[in-house]
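Take a look at the structures below.
In the two complexes that follow, chain A is the common piece, with chain B as its partner first and chain C second.
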Partner chain A sequence: MPPAVVVTGIGAVTALGEGVGALAAGLAAGRCAIGPLTLFPYAGHAAIAAEVRASMSSPSGPLPRATVRRLSRPDRFALVAAAEACGAAGLGPDLGRDAAVYVGITTGGMLETEEAYRRRRAGEDDRFRLSRLLGTPLATAGAVVSQALGLYGRRETFSTACSSSALAVAMAADAVRRGVVPIALAVGTDGLCRLTYAGFDALQALDPEPCRPFDRDRRGLSLGEGAAALVLETAAHARARGARPQAAVLGWAATSDAHHVTAPHPEGAGALAALGAALADARVGPDAVDYVNAHGSGTRQNDAVEVGVLRRVFGRRLGHLPVSSAKSQLGHCLGAAGAVEAVVTVLALREGLLPPTLNLQHPDPAWDDLDLVPAAGRRASLGVAVSSSYGFGGHNVSLVLGREAR
Partner chain B sequence: MDRERLRGEVKELLVSGLRLDVRPADIVDGAPIFGDGLGLDSIDALELVVLVEERFRLSIPDEEVGKRAFASVDALVEFILQERGE
Partner chain C sequence: MSVDVAVTGLGVLSAFGAGVDRFWRALVAGESGLGPLRRFAAPPGAAPVAEVPAVEARDHVRSPLGRRIDRVSLLTLAACRLALQDASLDAASLPRARTGLAVGSEFGNLDETAAFLDRLFARGTANPLLFPNLVMNAPLSYTTIELGLTGPSAMLSAGEVSGEAAIAWGAELVAEEGADVCLAGGADELGEALHQIFHEARLLSPTPRPLHSGADGFATGEGAAVLVLEPLARARARGARVYALLLPVAGFALPAPVHGWPRDAATLATRLAPLVSDADLVVAAASGDPQLDVLEAAALAAALGTRTALVTAPRAATGRFGAAGALAAATAALAVAHDLVPPTPGHVPPARHGLAVVAGRARAADVRVAVVDGLARGGACRPLRFEAP
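== the complex of A and B ==
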């Protein structure tokens, strides 16, 4: 048996607030954080988003003041979430010597980059300012986190569209299980920007109303932003240092559709393979799964393909298996989505509370047998849950999480 | 140009140009710009050269000149006046 991988710390910055506590409270209350888009003027089909409005009291640690001052929003989100996770796990300077950092991110400091261009074009700056372009490379999030928290191990940045940070969690768990690193921090972060907004709008993938995953009238996704972080180590490593596991990462898998630049494979071949392989990796049969944290983006195609995959994996049991989409509360956090939803799933397992699928007024009749958790606050004893994230270009990642290591 | 007004303009440029979290009036006239006080770093130094060159239409050709010009707000005011031949 390979060693069990456990989660000893979690952190989050989402539109529901700063910190895991705010996220847990918002999930329990079923609060939808999707509201007016205020970060930049936008005249397209939809002008709503799940924006992070928290004050972001940045824990700079040994980070120089000048660096903190110039951080892009997603780098700041990442730092706050990572500091919370490391704090909860007790990942301090002694463990930091060998701690690895795995980051999932897609647009990073693009909003700040856009602002640099805007100022240059408007004649507000005669030349580009270095300080406004420092957050442009996606690698800065990991650099900031490792510098601020003193994490000296390997550092990897993944950018596979909306599966980026699910992949970061999977690769961190993989490195821990194989004994490549003793402890790893997985982080997902992204911030809203014009580029993302315009791109999804051009695809006609944005719902003008807050997104309605699995609803008959769903018209697309709502964009979100934020960050989440998880500290992973083997159960033995956690036990030896007296760290309390909050959940376990039982298995994972990633596949490619190799099919289309934006559309999912019509039968979800890659998504099906990823979920099947993740369950096999976890040595868990479909019957042992108690909750599905769906990708549930709210686009017509995604939800249909995803339900098809779930039907094939879970069969008749699907009617008794809660399936919900956190995107109905937090929007689609893109590069951060996988890590945010992994943390949401850890909370569901830990608290025994099912995150709801909000805005579900008319469940699609094709799946009226499904338990889509339309109301918040429902308690359930959960042992095993899966969380899947699907990225443009057909990249599929499934994570199998457990309340306890097996 | 009036020294006092120029001093105010320089402080305003520091705060808005480098997006500092202090009020212009709180910047000490004679204190080193790159001391511990304002928490500036080498990237701010690069930025400040551009900001000053653009605003005051002058040139800071090398580090030698930069060090002298950015010794303090007072030194920068003197440097600007001297470059303008005032």
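== the complex of A and C ==
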């Protein structure tokens, strides 16, 4: 038996607020954090988003003040979430020498880069200023987290669109299980920017109303932003240092559709392969799964393909298996989505709370037999849950999480 | 359990053109790939750059979807096709679900991102045809679609070690038997805005002199390189040529400014010492950036101690860019295969710290172990170690 991988700390910055506490409270209350888009002016079909409005703490550690001042929004999100997770796990500089950092991210400091680019093109700046572009490389988020928190093991940054940080969690868990790193921090982070907002809008992929995953009238996604972080180590490593597991990462898998640059495979071939392989990796049968934290983006195609995949994996049991989409509360956090939803799933397992699918007025008749946890969350004792993320270009990741290691 | 990983194919698009033979011949001849900017108008006084000559989409794209391919994705796809050909593998007969793909890029699609933003700022509208190409993982999407690969795939971005990071990921995947074949490498393009940023920040030198005390800047560039990785046993069974073995080496990080190079050469030396203790060749990260040169030379000298290892710095010939480490990895594998170390164009002896930098002409040497040291700003280090089979 390979060693069990457990989660000993979690952290989050989402539109529901700073910290896991604010996230858990918002999930329990069924609060929708999707509101007016205020970060930049935009005139298009949609004008809403799940923005992070919290005035964040600044756990900058030894970082120089000038560096902290110039952090891009997503780098700051990442740092705040990572510091919370490390604090909860008791992952400090003593363990930090060999602690790995795995990041999932898609656009990083694009909002700041856009502004620097605009100023230079408009002649408002007579030259490009490096100080305005420090957050441009995607690797910066990992550098910020590593240097501020003293984590000096291997550092990897993954960018597979909306599955980026699900892949980061999977790869961190994989490295821990194989024993190549003793402890790892997985972080997902992304910030809203003009490029993604206008791009998704131009593809007519944004719902002008807060997104309605699995609804008959769903019209697309609502973009969000934020960060989430998880500290992973083997159960034995946690026990030896007296760290309390909050959940376990039981299995994972990543596949590629090799089908289309934006559309999912019509039968969800890659998504099906990822979910099947993740359950096999976890040595968990479909019957043992108590909750599905869906990708549930709210686009017409995704939700239909995803339900099809779930039917094939869970068969007739699907009608009795709660399925919900956290994106109805938090928006689609893109590169951060996988980690945010992994943390949501850990909370569901730990707190015994099924997060709801909001904005579900009329479940699509094609799946009105499903338990989509509409309107409000509810209590349930959960042992095993799956969380899947599907990225543009057909990059699929499924994670299997458990309340306890098996 | 892990298996030995063999490098059985190389695909390179560099300033020297397409193909590994052209790349290696030019490197060994000590040629510089630097020249005047051609793809866009150069600002007055612009330093030479390492540009990849035009690559034709129709030579590499087969699917209708691929007609809209962007340049970084095309460089990636072309490098993959060339690497497969070099490995005597046919894309159609690859085990689809057991073939992995790892691509590293620092910035991805710069040209179309700039065009997208130009229109957005000018007219307030986005171009829906461009947007799918702007996601960082577009090279991964196009390549999996074109080659029909459904196995594990990853896009990695790790600053100056984006190429090394992807190759290391692929090597681990194959070593742990997560795939029977993995295409691993990286690609970056030189965008106009990025060039302008480097130029205006005065980071570029007309005459890069890596590892020399007079180094005053680097040459930027672009390119792609992909390695075919497969288990040694599989390579042997199909009678494939094996350039080198790629050994598992852990990445690590050092205290460093978030946006700068690590400053403590002694700590870096301690981490590099076990890697280079029996190395015959170090393929250095040096590009003529004085801060990197100071760090790298001191760390290598201390890590090597009284030993001598040959040092070469291919970024002097083919430019410094995020995925340049993939070209450095190809250089290391080729040096092991040919027992030949290419010189570092522009390097003038004496080298900093008395390093044995190969300059002028290529040096024949028994290269059994070649290490790519893999240094990046922000403190993440991603070394690679190649050994003779």
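Heads up, the rule we're going with is that the second predicted complex is superposed on the first by the 402 of 406 C-alpha atoms of A that agree within 3 Å, B and C clash if a C-alpha of one lies under 4 Å from a C-alpha of the other, contacts with A are read in each partner's own complex, and residues count from 1 in each chain.
Rule of thumb we're sticking to: a contact is a pair of C-beta atoms (placed from the backbone, for glycine too) under 8 Å apart; a residue touches a chain by one contact, two chains touch by 3 or more.
From a predicted model like this one, the values you see are computed outputs, not experimental measurements.
A.B. asks: Going by the contact rule set out at the top, does A:A254 touch chain B (first), chain C (second), both, or neither?
C.D. replies: Second partner only, chain C.
A.B. asks: Between chain B (first) and chain C (second), which, if any, makes contact with A:A25: first, second, both or neither?
C.D. replies: neither
A.B. asks: With both structures fitted on chain A, tell me whether chain B or chain C touches more of chain A's residues.
C.D. replies: Counting residues of chain A touched by each partner, the higher count goes to C.
A.B. asks: Contact-wise, after the overlay, does A:A236 reach chain B, chain C, both or neither (first, second, both, neither)?
C.D. replies: neither
A.B. asks: Touch check for A:T67: first (chain B), second (chain C), both, or neither?
C.D. replies: Once the two structures are laid over each other on A, A:T67 reaches both partners.
A.B. asks: Given the touch rule stated above, what does A:A366 touch, chain B (first), chain C (second), both, or neither?
C.D. replies: Neither partner.
A.B. asks: Could you say whether A:A43 touches chain B, chain C, both of them, or neither, answering first, second, both or neither?
C.D. replies: A:A43: touches chain C, not chain B.
A.B. asks: Pick one for A:L130: touches chain B only (first), chain C only (second), both, or neither.
C.D. replies: Both partners.
A.B. asks: Intersection of chain A residues contacting chain B with those contacting chain C?
C.D. replies: Chain A residues touching both partners: 64, 67, 127, 130, 134.
A.B. asks: Where on chain A does chain C make contact in their complex?
C.D. replies: 43-44, 63-64, 67, 101, 105-107, 114, 117-118, 120-122, 127-128, 130, 133-134, 136-140, 142-144, 146-147, 151-161, 167, 171, 178, 180, 194-195, 198-204, 254-262, 269-270, 273, 391-395
A.B. asks: Okay, in this complex, where on chain B does chain A touch?
C.D. replies: 18-21, 39-41, 43-44, 46-47, 50, 54
A.B. asks: Show which residues of chain C lie in contact with chain A when the two form their complex.
C.D. replies: 65, 68, 96-97, 101, 106-107, 113-114, 116-118, 120-121, 124-128, 131-138, 140-142, 144-145, 147-159, 162, 165, 169, 172, 176, 193, 196-197, 200-201, 250-259, 322, 376-380, 382
A.B. asks: Mind listing the chain A positions that touch chain B in their complex?
C.D. replies: Residues of chain A touching chain B: 64-67, 69-70, 125-127, 129-131, 134.
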